[in-house]
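In the part that follows, the structures are each spelled out as structure tokens.
Both complexes shown next keep chain A, but they swap its partner, so chain B is in the first and chain C is in the second.
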Partner chain A sequence: MEFITENLQILFTGLGLGSIYALVALGFVLIIRATNVVNFAQGDFAMLGGYAMVLFFTGLGWPYWIAFIGALLAMAVFGVLFNYGVYYPLRHRSFLPVLISTLGASIFLQNTVLYVAGPQPKPLDKLLNFDGITLGGVFLDSQYIVILVATVALVFFTFLFFEKTLLGKKLQATSQDKDMARLLGIPVALMIAITFIYSAVLGGIAGVLVGPILFVSIGMGSIIALKAFAATIIGGFGDVKGAIVGGLLLGVIESLAAQHISVPYKDAYAFLALFLFLLFRPQGIFGEKVSEKA
Partner chain B sequence: MRRLAGIAAAALAAAWIVCAHAEDTVKIGLVNEATGPNAEAGVYTHNGAKLALAEINAAGGVLGKKLELKLEDNQSTNPGTVLAFSKLFGEGGIVAIIGPIRSTQIQAASPTVAKAGIPTMIGGTDPSLTKVNNRWVFRARPNDSYSSRVIADFGVNTLKKQKWAIIHSTDAFGSGGMNALTTALKDLGVTPVLVQGYTNNSQDFTPVVLAIKKSGADVIGSYMTNSPDVGIFAKQLRQLGVTAEWVGSPSVVTDTAMKLAGPALHGVYGIADFTPDATPESKAYAKKYRDTYKLDPDVYSSWAYDALRVLALAINTAKSTDPEAIRKAIVSIKGWKGVEGNYNFDENGDGLRGYNVVKNEAGKVSFIKHIDFKD
Partner chain C sequence: MPLLELTNVASYYGNVQALKGVSLHVEQGELVTLLGANGAGKSTTLKTISGLVVPAQGEVLFEGRPIHKLGPEAIARLGISHVPEGRRIFPGLTVRENILLGASNRKGVPRRLLEEEADEKFTIFPEIKSFENALGWTLSGGQQQMLAVARGLMAKPKLLLLDEPSLGLAPLIVQNLFGTIRRIRATGTTILLVEQNANMALSVADRGYVLETGTLTVEGTPKELLGNEEVRAAYLGGHHA
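Right, the complex of A and B next:
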């Protein structure tokens, strides 16, 4: 019995953290599909979202939900700025200059926030007014419940958005073949800007959600982004389903391995999984689509 | 006449050079975490050093010259630390250095310091740092062999607890502390029921907490490095219903850790080399720090404050900036009252031998007792 509750406890936090990896990985994938570039500042989108929330909620004293919406709006505006400042000027270059541009943006963002907000990590209140519930010996942290529910909702929303709306279909067309999309009258630059906005908002949501658990700090994004990037590769580079499944899988693998093998090597398991995938299934879990494209 | 003018000009020039030389400063390097994940602590360390600097210079400086701090960022990393030391040594004119507070960084830079032969004050508490054939490091904090003895002594003799779980970071500080605590407990006849390490910046401590639960420990002794880790661990510990007492290394009673963890850290004992209420010296320092920075002082600032004053005292006693003379002056400092305690330097370069035990009482740190050792 104790064995079961212990493992359920581990599974629960593993899924919670995995959801955060999945959300950030989703942001990665959307940008990869739209621009063929890995956005190394993706983790810093989460960091910025967290700090925006701290500013609006703790700093300015806005009600939680208003502050949340404010943080997401701020991230949307930031997505536009990021698109025009970091990606757009280099859009006709090969992928390498853009990649380095996002890397530079990441360092710039972290140090700007360090300068403005100071180096102390900030606590953030939970969304719900209670710490959690104990169910059959398993403690369910209310914030992890929120994270799980929010991730399911966002994944569902993303699916509907891309598959069922005209705008979503235009975005898909852009990511599949820019020249063709342009011929069909789709404003490609605008579509890419929208992708950056959506991706920044997703990152921001991840940051606000995880802030009460990991606290809001300069480095919070880097830690998450590294795992999220591994998740995108495990799931299938550039695959939306893959990002979600990869993120959740990674969260669960590292938690279970930490529990049953050894805690100090927790971070190693995630990358061991990545390594095994690269060796034996380099295209990832849902990799076929990418090989079709190639 | 022309010749005379030439001589006068030369004399003037010489006087000007002498004059400029008199305005020269005595330069002390500060290798500190200005950026990177530990930049938080770096700010406090710099604050403490700046406060001491202002005081020393207001009192006439050292050897009749003003003291100057040269800040070098180590990016919170080991390679960054080695680089920062090399840069300061390479520039020349640095009389002494205040090094980092992290043991792992000092370990990395130790060979560089030994080679340069420049007196370096350190805040890292891994006991081995002053015993690795490096005559040039001096510690302005009590080392972990004392912190662990204080933790063990307080837990076993005051709290009367026998079932210990040791939780430690796997970096040099955490592992060093774990080894020392295990030894200290063994000397008191106690074998821990659990010894569990974790890596810094862990996002989840559930497996650690479950292991503690399973072990049936009634007291936790901890050596954790980063404040967010303390916060996450404390919250999960209480969520999963562990009610064991907790006596931790100084990180559990830092301002940031207490802010992050909130009620989860209430009732936790920590040891601190610096406690505002411990002595008249520490009280005076705390007031000054609060007035200057509008922040509560903690160990990250107080050790640097003491370190710079120890260096100034040693340079003034030695009446020289010669490294060998400074070294001699430092190790002969006995019974000097700093804000962290009474300094009695030994040949290894260790200045302090005791800690305060403090308790987090509903978010406020209160002084419980001071435990000092003779050896």
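Right, the complex of A and C next:
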């Protein structure tokens, strides 16, 4: 009995962490599909969201919800700037210059925040004013509950947006065939800008949600992004479902292995899982076995 | 005033000159066909009209106003619908979604009206009705071509550009397709049709041009073109790829 509650406890924590990876991985995949480029600054979207929250809530003393909405708006504006500053000037080039550009943006953002906010990690209050609830011997931390609920809601919203609205269909059309989309009169540049905005807001939410657990720090984005990237490969590169399932799976694997094998190697398990997938199922969980898109 | 007029248009593909001073015109309500061998510049002509290729020289006038400096999105909004070579169906969207997006050049039309228009398209193209909710990539070549034309019509185009609609299709399906092109034309839509299948194209056209390595060589009615020895030898006598 104790074994079961212990593992349920770990499963819960793992799903919470995995949700964060899933949100960032989702942002990755949306940008990969729209621009064919891996955005190396994706993790820094989470970092910036966290710092925006710290600034508005701790720094300026805004009420939590107002600060939260302010952080999301700030991330939306940032998404526009990122699109026009990092991607747009290079949009007619191959994927490599754009990729390098996102890498440069990542370094620039981290150092800018370091300069402005200093190296100390910042604490952030939880969203809810209670520690958590105990259910059948399993302690459910309130912030983890918030993370899980928010992730489910965001995934559901993303599904509705992309599958049920014409705008979502235009975004998909843009990611599938840009020239054809332009011939139909779809404003492709605007569609890609919207993708960046959406992706930046998703990342920002992940940062605000995970802030109370991991502290808000300069490097928080890097490690989350690496694991989220591993999650997109495990789930199936460029696959939306895969990003979410891959993220959750990584969170659970990581937590279980940390508990049963060794805690100091916590960050290594995600990459061990990545290696195993690359060796035995390189196309990922939902990916199809193709070498290159036709 | 012609609906479409190209004056001395030159276009490049990288360093290769694909069009060397092409001048042509399409009148309101006409069905004009552009014939020529592979690599003659037929597709480049259409891409230059729809804005995918920017001409290095010359003018493209649509309803009397120059459009050759506009991007494809802006040109689509003026009422030119380009159904490109290879159909270019969105593989991951359903047949109905592909059709709905055809109206992306028209601003502010409510979704409900678009759905009704899509239903109308299924009566014009009954062969794709049963695949309404199937993903684009699952269709056969003929079905994809029907879908591409249906999507092109959702733009309510003043000018429809059709690039090699018969390519890779079985003869019976080509017959069916040209029947549809005749019916579209009968509704008053102006069409510029690029074809390698010269016999089929001339059977529906009012007028035709022959394009050879980037230059227009012959212009005339189908009767004149069919009577022209050179044209017959080059495009009508031989077999079609």
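The rule is short, and it goes like this: the second predicted complex is superposed on the first by the 288 of 294 C-alpha atoms of A that agree within 3 Å, B and C clash if a C-alpha of one lies under 4 Å from a C-alpha of the other, contacts with A are read in each partner's own complex, and residues count from 1 in each chain.
Throughout what follows, a residue touches a chain if its C-beta (ideal position, glycine included) is under 8 Å from a C-beta of that chain, and two chains touch if they have at least 3 such contacts.
Values in this document were obtained by computation on a predicted structure and should not be read as measured data.
*Asks:* Give one of first, second, both or neither to describe whether A:K266 is in contact with chain B, with chain C, with both, or with none.
*Replies:* After superposition on chain A, A:K266 lies in contact with chain B alone.
*Asks:* Check the contacts made with chain A and report whether chain B or chain C touches more of its residues.
*Replies:* The partner that reaches more residues of chain A in the superposed model: B.
*Asks:* Does chain B (first) or chain C (second) touch A:L17, or do both, or does neither?
*Replies:* first
*Asks:* Quick one: classify A:R182 as touching chain B (first), chain C (second), both or neither.
*Replies:* In the superposition, A:R182 contacts chain C only.
*Asks:* Once the structures are superposed on A, label A:K170 by its partner contacts, choosing first (chain B), second (chain C), both or neither.
*Replies:* Once the two structures are laid over each other on A, A:K170 reaches chain C alone.
*Asks:* Touching chain B in one complex and chain C in the other: list those residues of chain A.
*Replies:* none
*Asks:* Quick one: which bits of chain A touch chain C in the complex? Just the residue numbers, please.
*Replies:* Of all residues in chain A, those touching chain C are 166, 169-170, 172-173, 176-177, 179-188.
*Asks:* Can you tell me which positions in chain C touch chain A when the two form their complex?
*Replies:* Touching chain A: residues 50-52, 71-73, 76-77, 81-82, 84, 88, 90-93, 97, 100-102, 104-106, 111, 114, 151, 155 of chain C.
*Asks:* State the interface residues of chain B toward chain A in the complex, per the touch definition above.
*Replies:* Spelled out, the residues of chain B in touch with chain A are 35, 37, 39-40, 42-43, 170, 196-199, 201-204, 206-208, 210-211, 227-228, 231-232, 239-241, 256, 259-260, 262.
*Asks:* Touching residues of chain A toward chain B in the complex: what are they?
*Replies:* For this pair, the touching residues of chain A are 6, 9-10, 13-14, 17, 111, 114, 118-121, 123, 131-132, 139, 141, 213-215, 217-219, 223, 255, 258-259, 263-267.
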